[in-house]
Structures are given as C-alpha cells and as structure tokens.
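Look at the two complexes coming up: subunit A is in both, with subunit B in one and subunit C in the other.
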Partner chain A sequence: MKIMIDAREVMAYPGETILEVCRRENIFIPTLCYHPAFKGQGACRMCMVEIIDSSGQKRLVASCTYPVSDGLKVITSSEKIKKTRKTLAMLIAGRSQASPFAQEIAEEYKVKPLFFKGFENEKCILCRLCINACEEMGSAVLAAVSRGVDKRIETPYAEGAEECIGCKACAEICPTGAIEVKEENGQRIIWHKTFDLIKCANCGKEFATPEQIKFIEDKTGRKMEKFLCEGCRKRQTAEVIKEFSV
Partner chain B sequence: MVKAADEGKMLADIREILDNYPPEERYILAVMQDMQKRFNYLPKAGLKTLAFYVGVPLSRVYAMASFYKAFSLTPKGQYVFRVCDGTACHIKGSKILIEQLYKCLGIRPGETTPDGRFSIETVNCLGACALAPVVVVNDRVYAKVIPGDVEKIIREYGGYAHEGKNED
Partner chain C sequence: MKEKMKIESSVNKVMVCCGTGCTANGARQVLAAFMDKLRDNPNFEVVPVLKATGCNGWCEKGPIVKIMPQDISYCHVKAEDVDEIIDRTLLKGEPVKRLLYRDPVKKEFVTSIHQTDFYRKQHKIALRNIGEIDPGSIDDYIERGGYKALKKVLKEMTPDEVIEEILKSGLRGRGGGGFPTGLKWQACKNTPRFPKYIICNGDEGDPGAFMDRSVMEGDPHTIIEGMLICAYVLKAERGFIYVRDEYDLAVKYLRQAILDAREHGFLGENILKSDLRFDIELVRGGGAFVCGEETALIKSIEGYPGEPHDKYVFPTEKGLWGQPTVINNVETWANIPVIILDGAEKFASLGTVGSPGTKVFSLVGKVVNTGLVEVPMGITLREIIYDIGGGVPEGRQFKAVQTGGPSGGCIPASHLDLKVDFDTLTREGSMMGSGGIIVMDDTTCMVEVARYYTNFLAGESCGKCTPCREGIRALVEILTRICKGEGELSDLQLLRDISEVMQEASLCALGRTAPNPVLSTLRFFEDEYIAHIVEKRCPAGVCPALTTFYIDPELCTGCTLCKRNCPVDAIKGEAKKKHEIIEDKCIRCGECYRRCRFKAVKVR
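On to the complex of A and B.
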C-alpha cells in the first residue's frame, strides 16, 4: 500500500507502524521508549505525529503503535508536535535530574526543565525498555511499580527475584544508566541479588553468571564445554569461518 | 509473625477464591478484589499463587496490585477509618480529626495499629460534602464528626488496645 508522509509517497506493508515506515525511509522521528527489538510501547510519547483522516481532521497519534492503512496521510513536523515534544522534554528532564541524557534532551528542545522535588538522584526516564528486555530474555522479573510520581522500575516486593539470572540485559539496554550494577570481587550485584561471575576460558574476563549459563543451556538443550566471553567467541567463530572462505 | 495454622487457612482461602475463576489473565483484577475483601490486603502468597494460576510473571501481577489504590500490599486493620480530606471536610476540620485519631490510636494515615485492629486512611472526597466532616469505618458512615466523637466511634469497635495505659 502507499501512504503519504510529509507530502512524500512511500510504500508501506500491512502490519507496519508509522514509525517503522519512517525509519526505513530515513524520516527522523525522535523516540525514547522504542527499540527495534521490541514492539512499540507508546509509553514515552516522544514519537507523536499528526495524521489526517478521511474527513480532513488532524489528530495526534503515537507513531510507534499506530498501524498504517492505505492512503494514510502523516505529518511528522508541525507546531503542535513540537509543542508536545517540548513539554515532554521538560518533564523528562525535570524528573531524571541526575541523567545527563535527559538533561541533553531539554537542551536540545530548548526548554527549562521543571525540576521535581525529591528527584535529585533520579536517572530513570521510565522508558520501560528494561522491562521489555527482561521479558524477552525470559525472566520477566521487572515491572513498573506503583503509579504517578511514585512510579519506579522494581522487582516484586523490592527483593531479589527467583527468576532473575543476573544477565544484565536490563542495564545494557538502559539509555540513562539508571540500573545499578556492582561488579567486584568476582561477584555481580543487581536487583537486590548477588551472583558469582564466571571467567572467560580464554582471556579471563569475568563475563557471565552461572545462572545465565544454565538458562542458555536449558533453552538450547546443549551443554557448553568452554565458557567464552563475547569477544573471544567472535574471534573463535571468525577463525572457523576463515577456513571455509579460502 | 503469621502462625503456621493461619498460613494453612490463608492458602486454603486463596485456593477457594481462585476456584471461582478460570485461569485467564483477564480475571486477575477480580481475583485480587476478592483477596482484598477476604484478607484486607493482598498477601504475598496470594499474588504468587495467582500469577502461577493465570500463567503470567509475578512482576505483572505485582505491578497491577501496586497501581490500584483499592489494593493494599501490607496488612490492613480489621476496621479501616477513612477520613475524608476533601475541600469541604478539610475546612470543617478533618485535620483535627486525624490528629484526634492519632492521639487515641497512635497511628497516622496509612498506618495500622500493632494489634492489627485499626487502620487510618485519608480519602480525597467521599462525595458527601453536606455531611462534612465525614469518617467512614468499613462501610458505616459517620457524618458531621467532632473531635469528641472520635473516641466514641473507636469504642463502638471495641476500643483501643493501649486504652487506659497512657492516656493523659
């Protein structure tokens, strides 16, 4: 099907969202809670665009969740959109005061953050990417707990969860580094739980937890003989491929 | 704190509540409402069993439970004093009632007495401004409450544990 984005006709496929089409067509839409690995969440509202329906009525929608339909008309930049993004930037920077990432957003949108009291050390912008990452990994121990200004990302009852394997996927995906991970003396402390760390058989770098290895082994049904860190694993694969490419 | 026998009874109660619903995600809220009614709060065992029963992660159930104000994650007292602190009640002295309750029960809004009998909550508006200030104890409404009434109301529910010990 064909849709119109800013007076430009582009191809779109059923089931795609406006954002996905724009990303493919190199049309810039700012996002905070979107990651290509997951579905659009519609949480941060940064990706708001205007659509024009058949009766000529303009409407703001979140492009990361809005599915395309034939003949859809989209406007990706307007005064209204700019205004909503400015408000968001102000609120996000006001809440996540300890996050340079959030402060940069406010600078970029030229707004003065509305600093909330009691959020001086806050880094989290509540984009929920960690929740998604945790769920996709298969543990699903993270959730947005409570509501309103008290909302925060936590494990149930703010205690170490049984299912947590200490894989750090949540911290890796976090755009602001809000998730605390302590790694010292061969141990990793994350989400109120302490894990031992396994050393890479090749370079000796501590890279994974036994729970993580077990999780992967259970999932793939294959026993790992040698524990290699990401870098060493890539190198090993490259060595193997090299043999074939000659 | 909870005795083994109580725990057994609680698990039986939880099972009984769950038996009324098919194991589907959409019944989570209904089950939690029943639990709140039965136990006056959502016990940890209850949420865990519920999550397992409907097949969702505990984190999802916990997020829902913490989102709604109708649910409590810590044990609530047998009698919950809901003091209206809406505009009308506020002007008519609901703050003084809360102070009086503190003097009598030794707890602030959101807290429960150590004997587990009384809790105090504030409500933004009960919609009965003509009766200001309003206090609702469980399902009973007390209208135009004056500080002197507070003790009488508490006595209706069996009085407070430390009564007579440190009254001054």
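On to the complex of A and C.
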C-alpha cells in the first residue's frame, strides 16, 4: 500500500506501524521506549506524530503503535508535535535528574527541566525496555510494579527472584544505566540476587552465570561443550567460516 | 389460578431497602425485626410477604420501607418502629404519620415516595426493577417481565434486526465514552473471527459514584439478559462480568443470579430450546481505578497488570485474548432488554437527539437529597440539583458542581442551565463520565479541589505513559505549592501547557481527561488561583497556610458553639459575650467557620 508521510509518497506493508515505515525511509522520529527487537509500547509518547483523517481533522497518535492503512496521511513535524516533545522532555528530565541521558534530552529540546522533589538520584525514565528484554531474553521476572506516580521497575516483592538468571540483558539495554550491576570477586550482584560467574575457557573473562548457561541449554536443547565469551565465540565462528571458504 | 393471583395482589408486601446506604443505617436490623414479628403472627390471615430489595436511590432518607399495594413509604425506619408499622399499617391499613416524608416547602406529609420531588422528575429504565424486587430472586425478575426480551429476540428477531433496533434507539455507552452501542455490536459482528467474547464492565471506581453498584446489587438479571441478547447477535459463547473487588454484595447477588439463570436454562446449552449457548464468568477486579478503562480491564482479565494500550485497533476487532470483543458498562446492559421489549422509538423519544434515553446519576456532596437518580438526558443541572436534590443545605451558597468523576470538570453557578448530555458537558470542559455529580458549596476552595482530584489520579493512573504519569506529578506539585502560598503567576501558564500535552498525548482516556479538574477550575475560578498566588489568601478558608479566621463582633451572639467545637481551645469568650480567636493557637481547621449559625466567623 501507499501512504503519505510529510507530503511524500512511500510504500508500506500491512501490519507495519508508522514508525517502522519511517525508520525504513530514514525519516527521523525520536523515541525512548522503542527498540526494533520488540513491539511498540506507546509508553514514552516521544514518537507522537499527526495524522489527517478523511474529514481533514488532525490528531496526534503514537507512531510506534499506529498501524498503517492505505492512503494514510502522516505529518512528522509541526508546532503541536514540537510542543508535545518539548513538554515531555521537560518532564522526563525533571524526573530522571541523575541521568545524563535524560538531561541531554532537555538540552536538545532547549527546555528547563521541571525538577521534581525527591528525584535527585533517579536515573530510570521508565521506558520499560528492560521488561521487554527480560521477557524475550530471560525469564520474565521484571515488571512495572505499583501504580501512578509510584510506578517503578522491580522483581516480584522487590526480592531476588528464583527465576532470575542474572543475564543482565536488562542492564545492557537500559539507556540510562539505571539498573545496578556489581561484578567483583567472581560474582555478579543484580536485582537483589548474587550469582557466580563463569570464566571464558579461552580468554578467562568472566562472562556468564551458571543459571544463564543452563537457561540457554534448556531453551536450545543443546549442551555447551566449551564456555566461550561473546568475543571468543565470534572469533571461533570466524575461524570455522574461514576454513570452509578456503 | 386466577383466584391465587387475586389473593397475591391483595396481600401486603413489605419491601425493606437493603441497598448499601440503607444497610449502613441499619436496614438489616429492620428486616430482621419484620421477619421475627411477622413469622407465625396469629393476627394475620395471610402473612404479608417480606422482601429485601436493592437501592431505592434516596439514601439520604434510609432505611426506607415500602408497603404495597397501598404504596406507603417510610423513611429513617428503625427496628423499634416495626411494631407500630405492623399494628397500624399492615393490620389497620393506616399510615404511621411520623415516619412519612414531610415536604420541606409545603410542610405536608407525602404517603408515596413516588410523589416526592425527589422521584417526580425521574424516569426509570435502567433502575426500573431496583427497589421493587428481591435481587436474590429470579422469580421476582421474571414476574416483572424479565427474560421476555431474550425470548423475543430468539423467536422473532434476526441478529441484524437486533442491531438495527439498538442503532435506532441511539443508545450510547453509559460508562463515559458515549460510543453508540449499536455500532460497537455491528463492528464486532462484522469481524469474521471466532470465538467472540462479551464483557460487562462493572469496575466502577469514581469516588462517590454508585450507579453500577446499585444495578449489580439490585437487579443482577437485567445485566445477564442484556449480555444474552448480545451473545445471540454475535454468536458468542463466553461472557465475563468484571466487578470491582470492593463490591461484596454485588458479587454475592451476581453469583447467585448466574447460578439461578443456569438452573432456569437461561445460561448454558440450548438456551430456551434454541441454538444459543452462552455462559458467564464473574471476575473480581484487583482494586485499580484504571481497570475501568476497557483495554486495561481486558489485560486484567487476561491476568496481566491493568495497563491500557493504544486503541488504534478497537476491542471489537482485537480484544480479549486478541479476539473480537464487545465490552459495555453495567448501565448500558441494563437498558438493552427495555429497548428490545418497548421498542427503539419509545427509548429514543426520551432524552435529546444526540443522547437519547435516560442516565443514572449519583448525586452527592453539599446537596439536601443525596442519592441515586435516573433522569432523561437533556435535563439541566439546575433541575437535578435544585428540583430533585433540594438544593444546597444549611443556607450555604452553591459554588460549583463536578460531573463525571475525578477527571470531570467543575461547572459554576452561571452554567447551571446546561443540558446534561454527552456532548454538552464535554464541550464545557467537563464530562458525563459514568454519572457522578458532586455538589460543592461556598466553603469549598476550588484550587484545593483541583489538587485533591489530581492527587487522587496520581495514585490511580497506571503510570505507563509519560504525559499522564509525569504530567500528573507536575500538576500535583504545582497545585500543592499554590495551596501553600508558594505559587507564582507563571505557574498558571505552566499548568495550562502541561495539561494541554496530557490531553493530546496521553495513552488512554484517564490521562487525556486527567487535567479536566485543573483546566475547568482555571477557566471558571481563575480569581481564586490569583488570590492564592498574589494576595496569599484562600477565599474559601480551606488552605491552612493561607487562611486567617476572625469573629465579627457585630454578628457574634456569644452562643459558645464555636468555642465548644474548637479542637485546640483557640477561641476565648464567655457565654453571651463576644468571642475571639487566638491566632497563635488556631490550626485553621475551619470548624468554627462551618459551625457558626450567625455567619460571624469570617475568613480574612
């Protein structure tokens, strides 16, 4: 199907969102809670764009969740969109006061953050990418708990969760470094739980937890013969490919 | 058979209102006293029938006891009054005067509750059976024409004809959205995927609202019948009634109603010997206000946290477990059987063109007759508050009325002639919501009202999207500092800017309507905001940091009422002599201000 983005005709496919089409067409839309590996969440609302319906009425929609339809007309930049993003930047930077990432957003949009009381040490912007990562990569122990202004990311009952495998996929996807991970003396402490670390058989770098290895083995149904870190595994694969291509 | 009917209609019926309000005031004890004293009473040839009914709506006057067929209603009945009622009314047929309602203007006793001002302007459709039947008895419901509409659609109507009828009636969703019910059903029917699901939204969460509660507690079968009619249209086989967890009595009666309906063949396989098969499960909510939002409610039934998601694809296409789903509010369901039986024209003849039919409102706050009222749409706020509600009590001045729950707006006296319907209220910056009406008098600070409701929403937003979560946080912080006298004039623009973005960018209706209390008070009561910010004064005498009370010596009679009620002994003065407030001791609670009968206590 064809849709119009900023008076430009582009191709789109059923099931795509406006944001997905824009990314493919190199049309910039800012996002905080979007990651191409996951479904759009519609949580941060930075990706709001305007659409024009058949009667000529304009309205704001979240481009990361709005499904395209034939003939859809989209505007990705307007005064209203700018004002929305500016206000959101002011609020996000006001909340996540300890996050340089969040402060940069405010600078970028040239707004003075509305600093909230009691948030001096806050880094999290509640983009919820960690929850998605935990669901997809780990064992779905993270959730956005509580309600309203008290919403936060936690494990059940704010305790070390039995199912947590310590893979730290959550910490790696976090844009603000809000998830605390401590690694020392061969151990990793994350989400109220301490894990042993396994060393890479090749380079000796501590890279994974036994729970994580078991989780992967159970999921893939294959026993790992040699524990290799990501870098060494890549190198090994490259060697194999080289051998074959000779 | 005819003989038996005759006896039955002449037999006295004693109907004790056991709605939540009356129960709280001792209706169960009254019921027990009747039960005790009527059982094996040798004075009766035929012992009167005793019924515990749902809410009559006039909670202010409860417990209410109605005697039929004479149609005598008693107010504020206590267990001690039961002997006299039995002796004089049931045996001798005369009313007990002191228990009758006395018209405050005409000073006359009114025998039938239906002749009071409170009831005269009402028109009951959704509440038609409530107060007339025992909600625990399916026979009572059937006796009043229950399940006839279901029989009618099964025997005489095609699914498309049913949709046509609902469309013609113009019925719009009573939960607040106001979406045309017929269109919703049609969209779901046109989605060619099965299974389809039907949900009743009974997660009523607005503070001070009890419309849906009253229907669920007082007439549970009407909901089941409405859902069955929809099930026939959609060929759905499973339905869910999602009830707010705190509604114990509603859960009890709904559970009973579902069991009875199954037993009578209204739920299950081959309903009324047709191909229809349908069953209903009861789901208790988890206590979150936001679960009244339909996508959050659906998530909650699925077992996830109650967080809404963007509704660019409607539940009629992708709802519960991704399947086509019709979700309607309790009151909407209660209207369906009546539309089918009495016809769409009759329903559409009530109310306004854009909003036909009636609407149930819970009328609370600073109003004489608090309670539950069902009125034709298009009635003015003035009629509801003054004619039905009896106005503001204790000679206080009306100040504002808030409609539509915590995210509704405050409407001032100058707009009291507004017609109450979906579109008018929205245009004026408030909303119909599910039908809460809260009346406020001149002792209410509008800035504090805005702060209060926004603060309620701060705890009840789901917290998923930025504009709602952080926007509400910002509004509360700004409003709190204004109430403390630390606000600046630039705060007003900031409130407006943040509100505007919340309205446009929030994910669900909760966030989009959350700024209503702020925006409507800013629009109609901006002078109060300015008094707080510039003059550092709270004109209503509510915000402690900005209030100073004093006693006008001209008006003080030395009655000592204020002195006796002051919790901190901050008032000095002897009886029949002028009193004085000791400012250092005063905690600005306003007790003296509200108590004084001579308006001698003033706000500086």
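Observations
What we mean here is this: the second predicted complex is superposed on the first by the 245 of 246 C-alpha atoms of A that agree within 3 Å, B and C clash if a C-alpha of one lies under 4 Å from a C-alpha of the other, contacts with A are read in each partner's own complex, and residues count from 1 in each chain.
Operating definition for what follows: a contact is a pair of C-beta atoms (placed from the backbone, for glycine too) under 8 Å apart; a residue touches a chain by one contact, two chains touch by 3 or more.
Keep in mind it's a predicted model, so treat the numbers as computed, not measured.
Under the clash rule set out above, the superposition-derived model of subunit A with subunit B and subunit C contains a clash between the two partners.
Look at A:97: by the touch rule set out above, it reaches neither subunit B nor subunit C.
Looking at the shared chain after the overlay, A:88 reaches subunit C, while subunit B stays out of its contact range.
Looking at the shared chain after the overlay, A:60 reaches subunit C, while subunit B stays out of its contact range. Contact with subunit B, but none with subunit C, is seen for A:156 once the two complexes are overlaid on the shared chain. Once the two complexes are overlaid on the shared chain, A:48 sits against subunit C while remaining clear of subunit B. Within the superposed three-chain model, A:141 lies in touch with subunit B and out of touch with subunit C [touch as defined at top]. When subunit B and subunit C are set side by side, the one touching more residues of subunit A is C.
Overlaying the two complexes on chain A leaves one subunit B stretch of 63-71, 81-89 or 99-107 clashing with subunit C, which is 63-71. Shared contact residues of subunit A, touching subunit B in one structure and subunit C in the other: 143-147. Across the interface of their complex, subunit A is touched by residues 288, 290, 305, 307, 309-310, 312-313, 457-467, 469-474, 476-477, 494, 497-498, 500-501, 504-507 of subunit C.
Contact residues on subunit A toward subunit C in their complex (touch as defined above): 42-46, 48, 60-62, 65-67, 80, 83-84, 87-88, 91-92, 94-95, 114, 116-117, 126, 128, 143-151. Chain contact summary for the complex, subunit A toward subunit B: residues 131, 135, 140-147, 155-157, 161, 163.
On the side of subunit B, the complex with subunit A involves touching residues 44, 47, 57-63, 66-67, 73.
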